[in-house]
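Handing you this structure, nothing more for now.
We call the chains A, B, C and D, going by the order they appear; numbering starts again at 1 in every chain.
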Amino acid sequence: MSHNTFGHLFRVTTWGESHGPALGCVIDGCPPGIALSEADIQWAMDRRKPGGSRFVTQRREADEAKILSGVFEGVTTGTPISILIENTDQRSKDYGDIAQQFRPGHADYTYFAKYGVRDYRGGGRSSARETAARVAAGAVALKVLQVLIGEEVKVRGALVQLGTHKAARGNWDWEEVGNNPFFCPDPASVTLWEAYLDGIRKAGSSIGAVVEVQAEGIPAGWGAPIYGKLDSELASALMSINACKGVEIGEGFGAAELSGEDNADEMRMGPDGPEFKSNHAGGILGGISTAQTVVARMALKPTSSILNKRESIDVKGNEVELLTKGRHDPCVGIRAVPVAEAMMACVLLDAFLRHRGQTGGGPHHVG
Amino acid sequence: MSHNTFGHLFRVTTWGESHGPALGCVIDGCPPGIALSEADIQWAMDRRKPGGSRFVTQRREADEAKILSGVFEGVTTGTPISILIENTDQRSKDYGDIAQQFRPGHADYTYFAKYGVRDYRGGGRSSARETAARVAAGAVALKVLQVLIGEEVKVRGALVQLGTHKAARGNWDWEEVGNNPFFCPDPASVTLWEAYLDGIRKAGSSIGAVVEVQAEGIPAGWGAPIYGKLDSELASALMSINACKGVEIGEGFGAAELSGEDNADEMRMGPDGPEFKSNHAGGILGGISTAQTVVARMALKPTSSILNKRESIDVKGNEVELLTKGRHDPCVGIRAVPVAEAMMACVLLDAFLRHRGQTGGGPHHVG
Amino acid sequence: MSHNTFGHLFRVTTWGESHGPALGCVIDGCPPGIALSEADIQWAMDRRKPGGSRFVTQRREADEAKILSGVFEGVTTGTPISILIENTDQRSKDYGDIAQQFRPGHADYTYFAKYGVRDYRGGGRSSARETAARVAAGAVALKVLQVLIGEEVKVRGALVQLGTHKAARGNWDWEEVGNNPFFCPDPASVTLWEAYLDGIRKAGSSIGAVVEVQAEGIPAGWGAPIYGKLDSELASALMSINACKGVEIGEGFGAAELSGEDNADEMRMGPDGPEFKSNHAGGILGGISTAQTVVARMALKPTSSILNKRESIDVKGNEVELLTKGRHDPCVGIRAVPVAEAMMACVLLDAFLRHRGQTGGGPHHVG
Amino acid sequence: MSHNTFGHLFRVTTWGESHGPALGCVIDGCPPGIALSEADIQWAMDRRKPGGSRFVTQRREADEAKILSGVFEGVTTGTPISILIENTDQRSKDYGDIAQQFRPGHADYTYFAKYGVRDYRGGGRSSARETAARVAAGAVALKVLQVLIGEEVKVRGALVQLGTHKAARGNWDWEEVGNNPFFCPDPASVTLWEAYLDGIRKAGSSIGAVVEVQAEGIPAGWGAPIYGKLDSELASALMSINACKGVEIGEGFGAAELSGEDNADEMRMGPDGPEFKSNHAGGILGGISTAQTVVARMALKPTSSILNKRESIDVKGNEVELLTKGRHDPCVGIRAVPVAEAMMACVLLDAFLRHRGQTGGGPHHVG
């Protein structure tokens, strides 16, 4: 991955700051001949859009994704797709202290240390606002996957843990994910989570979370040894999402406690080819897809922009106490769900295109 | 990351199969004028070398790293450093069943599905043997870091969890890591771990593990938004190690349960500049180093080459039962310690060179 | 070079079609802390702008370059600089035949053969209009070079041959280049060229040209073996410009006829270091800059959009005769001058950043 | 292109110095399932091998290419192919003056200026000996192209100009190319060239040359806008060859003097699809192949290692006179023929794999 570009054959370059006039992405390498309209993107933008509930930042953005190039007469032409998203609610204001002080736990200090200059307005480039551009790219990737591979391709995520509360896996209901403000797949957890997060929100505090994202309908053979492993690409992609501190594939850290007998997924022949008796691997072996569901999880730290005082320093080296005023996001993990989906869709399409380039594209079948 | 290459300015390309005549790497972009000899590499090779104890594979390899280019009169010239490691204990034998059957939990099936052909001898390219080349590259990277940044740069790892047994962090002793066959930092755990792993070994089974790797002496400012984040690069690099199923930075998945107050590291001014009151971040904020210790962990699954029968299929589509004969590795996680160190050293040097390229190289100081 | 991106540490991604709503570029890796405004870009845009004389296309575009990101309080922040240029004179019209027919000598046919779909409006992505985005990026690169290296850095080009007429090198006057509609450096040629090109223009025909571009003030040491040679990067960059069919460095094809004695540039020590007695090499030896003026030339074919009938086929496979109506550009080579300058500036800055990354940045001095 | 790597999906990394123990390449991304043996490579090595006639360097090398990885049971596995070529005739000797002095026209000075250190033995990394590794890679690429596309794919070159003497295009005979020591396609020129180059050789001098390389059997649709144009990739690849000072596609610099009517290749429908009435374009339009023969030329300067005294300086800054003793190569251009073929084969295969990745691989047909 380059600094502001990810992917190899399906390459996404994002740009823009939280409080600049706009942000966007340029998608290079999108296959030609795919029907694509702004509506194919907007549904995903709406999913990530701020202001949807009291549990996320109250910033109001229409987040309209405009296609400026690469689509002609309703289909992709194989040339770069430039997508523009205007910022409308940047709230021009006096940034005062924020301009000089480093919020603990933020990129404020490290951007300064690296560049000697930073756009302090709303976090500048380090703002989670950047992820709007990823979601647009992810929607394109998903559309392409569904056209090239089939409608059975699904890439979808859920919030499986909010602070100390885990969704019960036995209750998992994909339909439920869209019905609550948490993308929580467990109907039984929603009320509890509401009360829990309301408490945190009212205290001016914040909390972390865990997101799980799954891809179904992915054939065997995508991904590649050794440094282009599908799980390596996913890890890089998810870890690039703001606030991410950990990534797991399949059993993840739980695999450390398993025996070889328990962890390896045994195989049988089914009517349509190889079948696995379990999916501890999370759909990836040796960095290459197995045709099982690809399963990844990411841990998100709590946002450090909280309404309570914290010790820090400023650019002059003075010790200060600071608190973040204004819009408050008690759990940034929530809106990471559509972002994680987008990253997974992009990684998968890129893996497919590379696989098709090197091998012709099909899986080899046993028998 | 490309398929068999990682890094951007410090680029490492590895090649070779488990049972081929040799394996190696080509390092491109190594800074010139650095004193470098084979001895600078061999100590690290010896650390990863198989056959060192009964807890790792009994394959016997000298693992001598020969420098074939890029070093002249004892110093690097800035041109590619080619390193060759001969395979001497490949054990030419009848592979019989292995040639046709897919070991559950291995890359056997996915390599076949992707390529339609695979080198089944010892896992071919998917063997952990490939990591010998990484260790050679990592030793070069570490040497360069110590010359360019200072002797205070340390990159070192330990096995912090063996199956269900965690090393006690309160007992952490770096000296101890080299004194036991597990790279365990907790002297109090060693005897227990020996008994535990002997039991698994004798049962013909295997177990997972968790490795932690730390880098000290890294200045602030390395790494870059958004897709070139230092943690993103680390995640990709660690996840590319055989058997890795999870990666964490700093608090990792634990951050999901923390409040904003508890997770963010407060800052004070110390005599030499900014200081942090804690290091939940693991030395990285916004993808850029903070000058604190960089801390990463990785989860490794148990090897699936076990001595007990498992259900699987063969390339003809027949259902089979198979077990792995011969050399047995009860915990592949152990030897992942020097590999993780190597990957971190490479990622850090690459981040430094990119930082130096874009900005000139220094951190900007407060005050 | 990737498909729509060039450069390694200073990376430019361009997007947009001739008749889309806008086009632009995203610059990633621009060093931070450089004062940059739209005025630093606009002068270069104006130089390439269509409609400036009767010898270039009559399309009217303001070509205003708007900076959407990456600059804060007047300085670059190290984050991506997104530049937008709106298309205002696309002339919505009935494309009729052009939509179905392939102009001989154009990319019409090959875009169709590759993608199965093409934006036929004004050539779509293959239009020279794309080069507006390059010029914007080049102006940024030049500004950065002048800040980081010094005001003595100059990157400037001229049209040295128009069809069969060559500018006399003995008359070379850089001041003159801006004073005539051809970027011709030879005052004595201008009147002749006007008459010559008027004849071609009135005949509805077109003609090729040769552009030379020079960079002064470049220190020794930039560029790198073997596939990252400065001349290799320049060749790639210049050859990517529309209509380019040849690239030379220094003596270029003339070197084929020289003896070793005549071609090699002898060296002496001057007051400020090594001096060369000649510059047949064009400022590059072994792919690395010598500190002499870097000299490159490119040949441009005549535009094939002419007002005279030519034989071709259409997408149905019918044989047709076609001619291009409307705006006519008798010599596309003219406006290639600022584009070649832009590409050279980008390549040089990228080479510097990579050199600084790998080595620290300075040349090593003899003595 | 990276420093010592070229290609995108078919990636070749070369390493090694003129007088080191060995040199070689690692090919990453070679499609799997291709029958490949060392014999498929050796014929090409032999073609480039030094010592074949009195007109090239008298160094004696067997140039045996050994495959160390990536091929199993006679077919490629999709994993990296490492090829090793041992140096056997490095002539360990006292380098005396050469170690301190910069040969004019060589990379001696620029390597020093860049790195502060250089391997002065036989030019180190800058030696044309590096091209042996390219030829090995090119042979693999050609084999793959012939398997994947068809036996009709031919990539072959010739020396079309030796100093001031051009081969007569009307006499072109591909059979003749292998029958004379110059790769000259014109039987009528051989005797003249022998006498001409003997004179230069005996005078201790050297001369430049022009190489032309052609690829037949390439379908339409390979290559891609804008910075990944097939001609841009070819220009970069050819310009990376030692001594190259110019690259042309099709008409090349001659196109500057042509009218639009004369330069554009008209199209008709033939029995098998579109046909062109001429090939001024050299088989590439808009950076994408047309299915005509791809034609490129490169100019090579005379080697500057001549037996006559030249003025220069040394690393201490002393002015010196130097001449090169020992083996003498009166025309480095001759052995550039197989190197140019190799680079073109690699570029074409890479373009095909990328095309297949992005689009599925086929050309779209008219009608």
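Throughout what follows, a contact is a pair of C-beta atoms (placed from the backbone, for glycine too) under 8 Å apart; a residue touches a chain by one contact, two chains touch by 3 or more.
From a predicted model like this one, the values you see are computed outputs, not experimental measurements.
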item	value
Maximum centroid distance from subunit A, chain identifier (CA atoms)	D
Subunit C against subunit B, contact positions shared by both copies (same if over half, else different)	same
Intercentroid distance (Cα basis), subunit D paired with subunit C, Å	26
Centre-to-centre distance between subunit D and subunit A (centres being mean Cα positions), rounded to whole Å	45
Junction residues of subunit D, two or more chains touched	2-5, 14, 29, 32, 78-79, 111, 114-116, 125, 224-225, 354, 359
In the complex, subunit D residues that touch subunit C	1-6, 8, 14, 102-107, 109-116, 125-126, 130, 161, 163-164, 200, 205-210, 220-229, 231-240, 244-261, 263-269, 273-274, 277, 280-282, 284-291, 299-306, 308, 310-319, 333, 354-355, 359, 363-367
Residue ranges of subunit C touching subunit A (in the complex, touch as defined)	2-5, 11, 13-17, 20-24, 26, 28-29, 32-33, 68-70, 72-73, 75-82, 84, 111, 114-119, 121, 124-125
Touching residues on subunit D, where the partner in the complex is subunit A	9, 29, 31-32, 78-79, 224-225, 353-354, 356-361
